Structures are given as structure tokens and as C-alpha cells.
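The following blocks contain the structures, represented as C-alpha cells.
First chain A sits with chain B, and in the next complex the same chain sits with chain C.
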Partner chain A sequence: MKKILQLALGLLTGIGGFLEIGSITTAAQAGASFGFQLIWAIALGTICLGFLVEMSGRLSAVSKQTVVDALRSRFGFRFYIVVLAIVAAVSFLVLIAELGGIALSLQMLTGVGFPWWVVPVAFFIWVMLWKLKLDLVENGASALGLVTICFVVAAFRLHPHWGSVAHSFVPSLPTDNRAKYGFLAVSILGASITPYLMFFYSSGAVEDEWDESYIPINRFIAGSGMSVGGLFSIAVLIAAALTLRPAGINIEKFEQSALLLTGALPRWGFVLFALSLAFGCLGAALEISLALSYMFAQGLGWNWSENEPAQRDARFSLLYTIMIALAAIPLLFGVDPIQVTMISMALTAASLPFSIVPFLFLMNDKEFCGEHRNGWVSNSVVVIVIVIAFVLSVIAIPLQVMGG
Partner chain B sequence: MKVGHAAALVSVLVFFAGCTKPPSEKDVVDSMVSWIGTGDMATQAWLNHTTFDKYTREILELSSKRLGDQSDQLKEVAPAHSASLDSAATSAKRAMTSIARLVAANDAPDVRAQLDSLRSAKKIVLAASDSLE
Partner chain C sequence: MDLVRDVLDKRLLDRDDTIIGRVDGLIIEVHGDSQPRVTHLSVGGPAVFARIGNWAASLAKLLGAHWGPKRGAPVRIAWSDIDHFGRNVKLTISCEDTEAMAWEDWIGEHIISRIPGGGSK
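For the complex of A and B:
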């Protein structure tokens, strides 16, 4: 019974926690600029994320270690510090973007400028982390995140040509604006394949004391949750392609994307968009704050647990307190969250080999995964997607920068 | 990070910053279409009672400002562009500013009239964009 409940909650987390500012922004920009043409990038990123999440859960279920512990013991502390520096830097940028996303949604709903919301939002997130246990943090935010189903409803109500949608699962090049196309593809991959999620998920598995009997549940959660979450992301793209693109709108400021649902859901579309953004970003901000604290605390050998009272692991709690406070600072000075989002997503894609390749070594190591080591399918899928993301980012980021 | 690595990283960033080229005429005109389209859609959404007054006013003011910025940029990147494009951009900017004011006054009939004017201007800018394909 407990496992069935965990399965349901895991599925809920996968679905309700998938959309956040990165996936909404990149999918909306892609749909507005290139119609359905970048659906393949969302599909590819989602498949890769599903594999990675499954692997991190499997690693923890078999070895009873988090990804951080395993990386440290396999490669040594010095190597881990390099991985930590890279993943923490890009994840911190994503945290800024998520805080900005919540503040922007409140600006849309109240008309009060987003910098005014930054401190209350940061405080609210900190209180949630300070007071609540992991299950409540994770499942509560994901339950709220189910509001993002409105994008799926909107996509159906807009009656897309499903043949064209299906056709877009195969990559194709646009006739012009190829640098922007490449940059958006990279950003979509960066928004989908978020390394912090591996660290967060494996820490959660250890906190929940998973063992090998959880491997099938883990597989189901990772496969189904991420697939459905990916479909939500595709729904955002479809809605943007059928509403913003015909109006000639290229999203330069986030306020423009708030119009995404107003055509398909005339009565509630605007409010639902703002709520989707708020709840999606809330879940992501909580997860990233915890993931960053897990990465540092586990790497430095400190006590860590979201299920323990804060005074039992004071340094762990201090870490997320500092992270949240630091992330709020640039937003207080009016830094544009959409710019941070696009930069952080592209940098995430570029940084993937540094976090994923060592992880793949772990997943093929008998000492950590025993007979549950990766098969050739898992290895091939992840390697191919990471290579695509890296090559695209090396080409597209400079081209986009040079193109202004 | 060693000093040499940091210097190399800074050099690469400076190189890319130096390589940044100004947008083309087509990019600027497309951006103008985008901001007029944003104003159009936001106004229609307000008329459908979908969006809040304050958001509508703000997005219209933002669209009007960005359209003005793009018009100025167009003068730099393509000094020989058509006078009709200039006049359409001015007309669209004026219409969006008026709509923002009319939204505050909750004057839907006049908003509709201004929206027609905005859409006429949009057609001209859109045609200019298509001619640059």
C-alpha cells in the first residue's frame, strides 16, 4: 500500500513538477518563432531526462548512496569539487530565474512590479523549506503544479494539425534564422535535462530509504512522470505556435507570453497562465534550493536531511538560506528573469558533459550498481543526447551572441 | 582557476562581445510587427474581459515604448526605409498609447476604434516585413 502511494505521489511529482520558467519560456519562444518545428528538442530532452532520473533513483536504491556520495568515493573530492562548481553555478542561475518567475506571475496578477515581490517570495520559499518535511515540500508543490494541465486543454482547444505535430518529432532545419533556431534547441535541451534533478531525486531516494525493491517503481515514476511532463511542455509549444505565431509575436519580454492562453481559454487563460507559472516555479525553486544544499552538504561531509529539524543539520539549512538570499539580490536590482532563464538554460546544456559523463561511469560500475548496471540502450540514449546538446551549444551560443 | 585560464576566458568573452553585429533591417521590422501584434492581442484580450486592466495598460505601454525604440533603430540600420513604414509605426505607437489611456477609462467603444487603427498600421508593417524576405 505504501509503495502504491509512493508510486502515485512520484507520478504526481513528475507531472506537476515538470513545467517551470525554463520549460515554459523556451517552449513558448520556440512555438512563437518556429511553430511546431522544435517539438523534437522537447521530446529528446524529455527522453534523456527520464533515463537520467531513472538512473539516479536506481543508483541510490542499489548502493544506498546519493549521486554526490558515489561521485566522491569513485572520483575523489578534488574531482567532485569541479563538478560541484559547474553544476552549482548553472543551478544557481536557474534558481534566480525561478524566483523571478514567481515574482513575475505575482506582478501579472496584482500589477505590482516584480522586484517588490522578490523578498516575500524568497521568504516564503525559505519558510517552506525550514518548516516542512521533504514529502510535503515535493508533493505539495507538485499538486499545485497540476494547474499546468491548462496548457494541454488549450492545445486541444486550438485544434492543431496533428499530422504536422507528429511530423515535428523528426528534426528539420528552418530556412532562415538558423542561429536562433539552434540557440532555442539548446535552451530547450537545457531546460529539460536539468542535472540538479538527479542530485535532488537521488537524495530523496536515500531520505526515503529506497532499496532494490523500489527499482520497478522508480522506473515507472521516471518513465511515466517525465513523459507526461514532456507532453505538457509540448502543449505549451503548440499553444504558442497557434496563438502567438499567427500574431507575429516573438517573445522578447515575459509579459508577452502571458497572452498565450487568452485565445484558447478566453475566460481564465490569463489567470491560469500566471498560476501555472507561479506554482511551476515554486516547485522548481524548492527543488533547486534543496538540491544545491544537498550537493554542498553531501560533498563536504556535513549532516543533511530535509526530514530532520533544522537545528540537527544547521549547516545544511544555512546553505539553502544563503542560496535563496543570494538568488534574490539580482532580481531586486531589476535583472530581467527571462534573460537569466535563456542564459541559464543554454549554459546548462553546455555544462551537461561535465555532470553527466562521470555519472555514466558510476552507472556502469559494478561496485555501485551491481547487476543493475546500465544497459547499452540507456548509455547510448544519454550519450547521444548529451553530445547533441553540447555540440549544438558550442555552435549556437556564439552564433546567437554574435547575432545580437 | 589559474590566472591563464581566467585570461583566456575573458579574451573569448571580449572576442564574442566585439563580434556582436547590429540587427538587420528585417530583424528590426519583425520586432516592430511583434510589438504591434502584442498590443493587438492584449487589446483584444481586454475587450474579451480576459486580462486585468493594469496588465493591459502596462503591456500596451511597453509595446508602445519598444515600438518607438525599434523605429529609432530602423533609422540607424536602414536610413532609406520607406516613409509609409515610418508613418505606420508612428500611427501604431499612437494607437497603443491611446488604448492604454482608454483602458484606464474603461471606454470599450473607443478602444475598438483605436484597435482598428492599430490593425491598419500592422498591415503596412507586415507588408514591409514580407517585402524584406
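For the complex of A and C:
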């Protein structure tokens, strides 16, 4: 019974927690600029994420350690600190973007500029972490995130040509604007394959005291949760391709890109878009704040339970408090959340080899995973996608920077 | 036993399974011609900062002199207080017997307890 409940909640997190500012912005930009053509990137990124999430749950179920614990134990301090610095820096940028996403959605709903919303939003997130237990934080945010299903409804109501949608699962190159195409592909991969999610998920598995009997459930949660989540992203792209592209709108202001939903849902589209953005980013901001604190606390051997009162794990609680406060500062000065999003998604893609390759070594290590080590399929899928993401980012990021 | 593989960087649990840190360093005594002997594990700063680099160790020393719990010596745990090795290094002593939690307690007392609501969930 407990396991069925966990299965349902795991699916809820996968589905309701999938869309956030990164996946919405990149998918909408891709649809607005290139129609259906970039669907393959979402599919590829989501498959890779599904494999990685499954692996991190399996590692924790077998070794009773989190990914970060295992990284430090296996590779030692100097290696851990380098990985920590890279992943923490990138994740911190994403946290800024998510806070900004919530503030932007409030700007859409009220007309009051987003910098005014940053402090109340940051405070709200902090209070949730300060006072609520992990399950409530995670499931509450994911349940609210289910509102993002409106993108799927919109995509269906716009009657896309399903043949062309299916065709776009195979990668192809556009005839012009290839630099932008490459950059968007990189950003989509970065938005899908988020290392912080692995750290968050494996910490949850340890807090819930998973053992080897959870391996099948874990596989199901990771597989189906992530694939349904990926379909939500594809729905955003389809809706953008059929509404923003014909109107010639490129997503620089979210007020305009709400057309993505108002085309199919004229009455409620605008509000639903803002709510989807708000709740999607809320879930992600909570997860990233915790994941950042987990990275430090677990690696350095501090207490780190999100279920204990702040007093019991003082250093851990202080850390997320500081992170949230710091992330709010650039937004207060009006830094554009959409630009932060695009930069942080591309940097995530470029940083993947540093976070994922050591993790793959753990997944093939008898000492940590015993007989539940990776098979050749999961190893190959992850390696191939990481190599694609890295090569694309090395080519596309400089081109984008030079091209302005 | 392989010190680097089996001891260094492992998580330290006290006798009640409280996480008290990680094995950040090993202290080895060398006496004349006799074999070198591991006498202590070191936990937290300055051992951990020294592993980043000398600049980090000096910086931490400077900050620690003005701020924080101002504990005297670096935290050392005697080799004889180790119960057994495994995924974690398990000790026979309680965290109260060491100063390993000095920072946790100091931050809890000076910062966290001054913010409303930190005591319960």
C-alpha cells in the first residue's frame, strides 16, 4: 500500500514538476522559430533524463547513499569540490531564473513589475522550506504544477498535423539560421537534463529509506514520469509552433507568448499561462534550493534532513536561506529572467560531462551498485546524449555569443 | 586496509548514528625508525581547507579568528575510538565527546534560533 502511494506521488512529481521556466521558454522559442523541427531535442533530452533519474534512485536504493555522498566517498575531496563548484554555479543560475519566472507570472497577473515581486516570492519559498516537511513541499508543488496540463489541451485543440509532429522526432537541419537552431537545441537539452534533479531525487530516496525492493517502482516512476513530462514540453513546442510562429512572435516577453494558450483557450489562456509558469517555477525553485544545500551538506558530512526542524540541521538550513536570498538580488535590479534562463540552460548542457561522467562511473561500480550495476543500454544512451549535448554546446554557444 | 580507499572521505557516524562529518584528513606519527602509525582522523577545518589549497586554509584561519565558535584545536578523533569501517566510519564515542559539531551548534544558537519557527516542523 505504501509503495502504491509512493508510485502515485512519484508520478505526480514527474508530471506536475516537469515544466518550469527553462523547459517552457526553450520549447516555446523552438516552436516559434523552427516549427516542429526541434521536437527531437526534447525527446532526446527527456529520454536521457529518465535514464539518469532511474540510475540515481537505483544507486540510493542499493547503496543507501545519495549521489553526492557516493561522489565524495568514491572520488575524494578534491574531485568532489570541482564537481560541486561547477554544478552549484549552474544550478544557482537556474534558481535565479525560476525565482524570476514566478515573479514574471505575478507581473502578468497584476501588471506590477516583476522586481517588486521578488522579495515576497523569495520569502514564500524560504518559509515553505523552513516550516514544511519534504513530502509536503514536493507533493504540494507538484499537485499545483498539474495545471500545466493546459498546454497539452491547447496542443490538441490546435489540431497539429500529427504526421509532421511524428516526422520531427528524427533530427534534421534547417536551411538557414543554423546557429540559432544549434543554440536552441543545446538549450533544450540543458533544460531537460538537469543534474540537480538527480541529487534531489536520490536524497528523497534516502530520506524515504528505499531498499532494493524499490528498484522496479523506481524504474516505473522515472520512466513514465519523465516521458509524460517530456510530452508536456512537446505540447508547449507544438502550441508555440501553431500560434507564435504564424504571428511572428519571438518569446522575449511572456505577455506576448501567452498567445500560445489564448489561441486555443481564449477565455482562460492568459491566466492559465501565468499560473503554469508560477507553479512550474515554484516546484523547481524549491527543488533547486534543496538540491544546492544537499550538495554541500552531504559532501561535507553535515546533517541534511528536510524533515527535521531547522535547528537540528543548522548549517543545511542556513545554506538554503542564503542561496535564496542571493538568488533574489540580481532580479531586484531588474535582470531579465528570460535571458538568465537561456544562458543557464546552455551552460547546463556544457557542464554535463563534469556532473554526469563521474556519476556513470559510480553506476558501474560494484561497491556501490552491486549486481544492480548499469547495463550497456543505459550506459550507451547516457554517453551518447551527453556527447551530443557537449559537442553541440561547444559549437553553438560561441556562435550565439559572436552573433549577439 | 587501504587508507585512502577505505577511510579517507568516508562519512563519520557517532555511536548513535549521528552524522558528525567526514574523514577529511589522517594524522600519521613517525617515530625514528619504527613504522609510521595512523593515530587520529581529522574532521572539518582546517584539514578540509588545506585540501583545497593553502590560500583557502589561510583564509579560513583568518575568518575563524574573528567569527564562529572559536574552538581551540582542530577536531581530531583517535584511531582507537573507531568501532568499524564500512560504507561509513562508525565510532564508539558520542558526538558530544568531540568538538566536531561546534559549528553546527554555533550556527544553530547564534543564527537559526533567532529566526522565528526554526525549532519545529
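In the analysis below, the second predicted complex is superposed on the first by the 403 of 404 C-alpha atoms of A that agree within 3 Å, B and C clash if a C-alpha of one lies under 4 Å from a C-alpha of the other, contacts with A are read in each partner's own complex, and residues count from 1 in each chain.
Heads up, the rule we're going with is that a contact is a pair of C-beta atoms (placed from the backbone, for glycine too) under 8 Å apart; a residue touches a chain by one contact, two chains touch by 3 or more.
Since this is a predicted model, take the numbers as computed values, not measurements.
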item: Three-chain arrangement built on chain A, chain B and chain C clash or fit; value: fit
item: Chain B versus chain C as contact partner of A:Pro398, first or second or both or neither; value: first
item: Which of chain B and chain C A:Ile81 touches, first, second, both or neither; value: second
item: First (chain B), second (chain C), both or neither touched by A:Ala247; value: first
item: Chain A-centred angle between chain C and chain B, computed on Cα centres after superposition, in steps of 10 °; value: 130
item: Touched partner set for A:Ala89, first chain B, second chain C, both or neither; value: neither
item: Which superposed partner A:Gly269 touches (first chain B, second chain C, both, neither); value: first
item: Which superposed partner A:Gln256 touches (first chain B, second chain C, both, neither); value: first
item: Chain B versus chain C as contact partner of A:Gly111, first or second or both or neither; value: first
item: Chain B versus chain C as contact partner of A:Ala8, first or second or both or neither; value: neither
item: Minimal inter-chain CA distance - chain C and chain B, angstrom; value: 10
item: Residues of chain A at both interfaces, chain B in one complex, chain C in the other; value: none
item: Chain A to chain C touching residues, read off their complex; value: 63-65, 69, 72-73, 76-78, 80-81, 130-133, 299-304, 307-315, 317-318, 321
item: Partner chain A, residues of chain B touching it in the complex; value: 16-17, 19-23, 27, 30-31, 33-34, 36-38, 40-42, 44-45, 48-52, 54-55, 58-59, 62, 66, 122, 126, 129
item: Chain A - residues contacting chain B, complex; value: 108-111, 243-244, 247-250, 252-253, 255-256, 258-259, 262-263, 266-267, 269-270, 398, 401-404
item: Chain A partner contacts - residues on chain C that touch it in the complex; value: 4, 8-12, 18-22, 24, 43, 48, 51-52, 87, 103-105, 107-108, 111-113, 115, 117-121
